[in-house]
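Below are two complexes that have chain A in common, paired first with chain B and then with chain C.
== the complex of A and B ==
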């Protein structure tokens, strides 16, 4: 009898531990670097993807709309998963998507765009990765929202998903 | 490219061999032949070889900077020095699991080779239990964290290794710690095997003690290396922060230490069998639990490589399967022997070891509660708390007083029944320690009564062990050396805590900062360029009370891949004290923030931990057993 009680207690406490750890797994608290509240857009010259001509950043962001800068590369696997979402986002006419092609081979990048479609209204090339650093990027893919005052108001590290798309739409409204 | 394929397929072959090994062992188990079939040795060796090949091919991918491998891409970079390319192999989740697997297979092979004098059925069962663990880890690696994922097209460059991990102490810290961590798996498997065979006996104790010692030594040194790294790299000027990840390595150490002492009782008197088995199971469970906490992303620390709940769930389920399996085996097979602790005479070596166990269990529960309670609270009530050093200090430090006292008296007792010998000399030693401490503490600003008592018991242990080292020749050297190391450790930590001083200030180039009778002079800065970082080296001159000038050169490093700024402290170490200077950038100005610390007896902390491990080593290589 006493043994059975012991066994029962052990099993109960073990299952309790299991449930707690299981739940803790889902609300894990990994620290993600946050961008400071508002950051002004860096000023730069960058090569255009199609024409190979240098364009000034003021020219790129000249219109009075929300801009979304997406850092991508053809070799980056998560970029492929987020690409359809970018395509969907590009249908929204109140925003303009700028692609920042990060350390890529031009031919591979062109093939990538040809294969998966082009969501960007303009693509600029960042051959040595310095431009992405100017934006404060940690890796690829990364997505920045730039408001009408030309301030970076939000950044997403890693591939975007449906939840982020909704967040973006909310911000733009 | 090719290395990638070879590595991946060797892993699969290794897993297949696990199943074959299980089948062959079960067949051999029922065979009446007295010796283990030669096939088992060959298969086990083959398995080891495949894992080694897989590991080497990952290292090769790192050396060649083959970015078609996802692990290499995520954790390496072409500009990294070769040494860190290699150490990057285990500086990430996938690679470190492969290392874990390597140690698992290595140890079971060594076990088979080294246990020839043991009963056949026991050895085969150990192999089987170990294979269960190995299969679990093979599946874990292959299913959730394959180190050989293929990327196409090949990226031009990798993302880089976290710069704070680019450090020599940290390059060898994981392998050493793993040898200790994973070594406990052998103790786990063999104690389960021994329980099922009803073989928890003197002979078994003698045989398994070697494995306990090996794991204990590696674990001790591994923890120390991590601590040294934290001391000079994290720039906080401490060596132990009660960070959950540090605690996770301390917990198996505590149970392993208790186990080590129990095994001594087991091999002498065939007693405390339940303790030995339970401790063996707990030690490995705690190691696994540590892996779970660190790898699942529940805890947030430098050790958290990736946050992937799928991995967490896998280890969690595996962990609980092992716990249930081992508890089941324990309850079904374990037979209490008659020599239970109640029959111990109150004043004997056995009782003192039992007391040691209870202290260890107390320390363990404090650390365990401090580590997992915040997780439980977060889940149950969504309340976030963090348990800091004061919690541990308040609950552990006072209990060191009786613990140290028992530690100085315990080893002097004889087995079975004893009396305290040389009472007079003990009392004299005690009085000397108390007066010595009193005069030291009197001049310091510390809680007089509490510290006098605490430090005098530490001195008491120190003196009794020193006396034993010199007067009684060669009676029980390993134990004396280890206990001597421990008393030195406690003393250095205490004095370090009481006597440390610190100055934090903002200063610009060319400026002088005076305090009391000393002076800090910020002479100049120099910029340097290395392949993987740029650095700002600052030149400081510090004039101390005696007018002696000390030059310190702290450094700020700006790593290029990924872009991270780290502060490298400059430390001048002498036998008496460490002078520690670290600086940080202050945003938007010409000022630098500096933190200057004088930390007495730092080096003695490392020396005493080394002494502890040397004690373990001496015991490992000792021919005759303690009298």
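== the complex of A and C ==
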């Protein structure tokens, strides 16, 4: 009787372990940082893409509108796929798109904009990636929505798609 | 001659204290970087990683140390941006108390079983 009970306990524990590992291994183990409800906009000085002059973030985000910050680079393939959607989004006059050019060569970035169009009202340069860290980004492309109170209210990791565009439009309504 | 000697002593003292401070900062920097998880090459620390993200974080940490921020303040900055998971050693808070208390509970539970068995054997 005792042996049977032991066997039952062993089988039950093994089954439990099997189910736990089976479930856990099916889950993606790539961690995506969850943004807090709201993150305040960092204060920084950044080089302007066209004039090469340093501008303060308060000057960049001075208007009382929703801002979309998009981190991009000419070498980033997913950035090319999301670019037409950003062009479409730039037609919306109630928002302003700010491009953050991440670890890029200026000539290549300019060629990219010339070839695919410029959806951004302003582009700032992030040569060493530290500006992206201030935003809480860890790669390209990433997109942030900044509300009228200058708070980062939403973050999208990876290229934006039609569904995300709809979501953005819904948020800024 | 005397003035020259004093100048040399002052110079040596300043350069010695400067190198000591640099050494201390480098030690702190390594300690912090080893405790930050790389989000691009997960499983590696920022210290070990050569990714773009890791090099940006190294620059940021260096900058924050030079600005005079303490270790905890730098962790708090990164935690705010990337969540608790970015730090290898999580702080004790309402989300992590099970993580911290469970080993202690298991230790006490195991200890109680061993104590009970020893007592039982002694009684025999």
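The working rule: the second predicted complex is superposed on the first by the 141 of 173 C-alpha atoms of A that agree within 3 Å, B and C clash if a C-alpha of one lies under 4 Å from a C-alpha of the other, contacts with A are read in each partner's own complex, and residues count from 1 in each chain.
To be clear about the criterion, a contact is a pair of C-beta atoms (placed from the backbone, for glycine too) under 8 Å apart; a residue touches a chain by one contact, two chains touch by 3 or more.
Since this is a predicted model, take the numbers as computed values, not measurements.
**Student:** In the superposed arrangement, which partner chain does A:77 touch: chain B (first), chain C (second), both, or neither?
**Tutor:** Only chain B is touched by A:77; chain C is not.
**Student:** Taking the superposition on A as described, I'd like to know which of chain B and chain C A:125 touches: first, second, both or neither.
**Tutor:** After superposing on A, A:125 lies clear of both chain B and chain C.
**Student:** Once the structures are superposed on A, label A:103 by its partner contacts, choosing first (chain B), second (chain C), both or neither.
**Tutor:** both
**Student:** Name the contact category of A:14: first (chain B only), second (chain C only), both, or neither.
**Tutor:** The answer is first: A:14 touches chain B but not chain C.
**Student:** Is A:68 in contact with chain B, with chain C, with both, or with neither (first, second, both, neither)?
**Tutor:** After superposition on chain A, A:68 lies in contact with neither partner.
**Student:** Under the stated touch criterion, name the partner, chain B or chain C, that contacts more residues in chain A.
**Tutor:** Of chain B and chain C, more residues of chain A lie in contact with B.
**Student:** If you stack the two complexes on chain A, which partner ends up touching A:139: first (chain B), second (chain C), both, or neither?
**Tutor:** both
**Student:** Can you list the residues of chain A that touch chain B in one structure and chain C in the other?
**Tutor:** Chain A residues touching both partners: 29-31, 103, 133, 138-139.
**Student:** Using the touch definition up top, name the residues of chain B that touch chain A in the complex.
**Tutor:** Per the stated touch rule, the residues are 70, 151-157, 159, 292, 296-298, 300, 304, 307, 309, 312-313, 316, 320, 323-324, 327, 331, 375-376, 378-380, 562-563.
**Student:** Can you tell me which positions in chain C touch chain A when the two form their complex?
**Tutor:** 39-40, 42, 52-53, 55-57, 59-60, 63, 80-83, 85-86
**Student:** Which residues of chain A touch chain C in their complex?
**Tutor:** Listed in rising order, the residues are 29-31, 33-34, 36, 39, 103, 128-130, 132-136, 138-139.
**Student:** If you look only at chain A, which of its residues touch chain B in the complex?
**Tutor:** Listed in rising order, the residues are 3, 7, 10, 14, 18, 20-31, 73-77, 103-105, 108, 133, 138-139.
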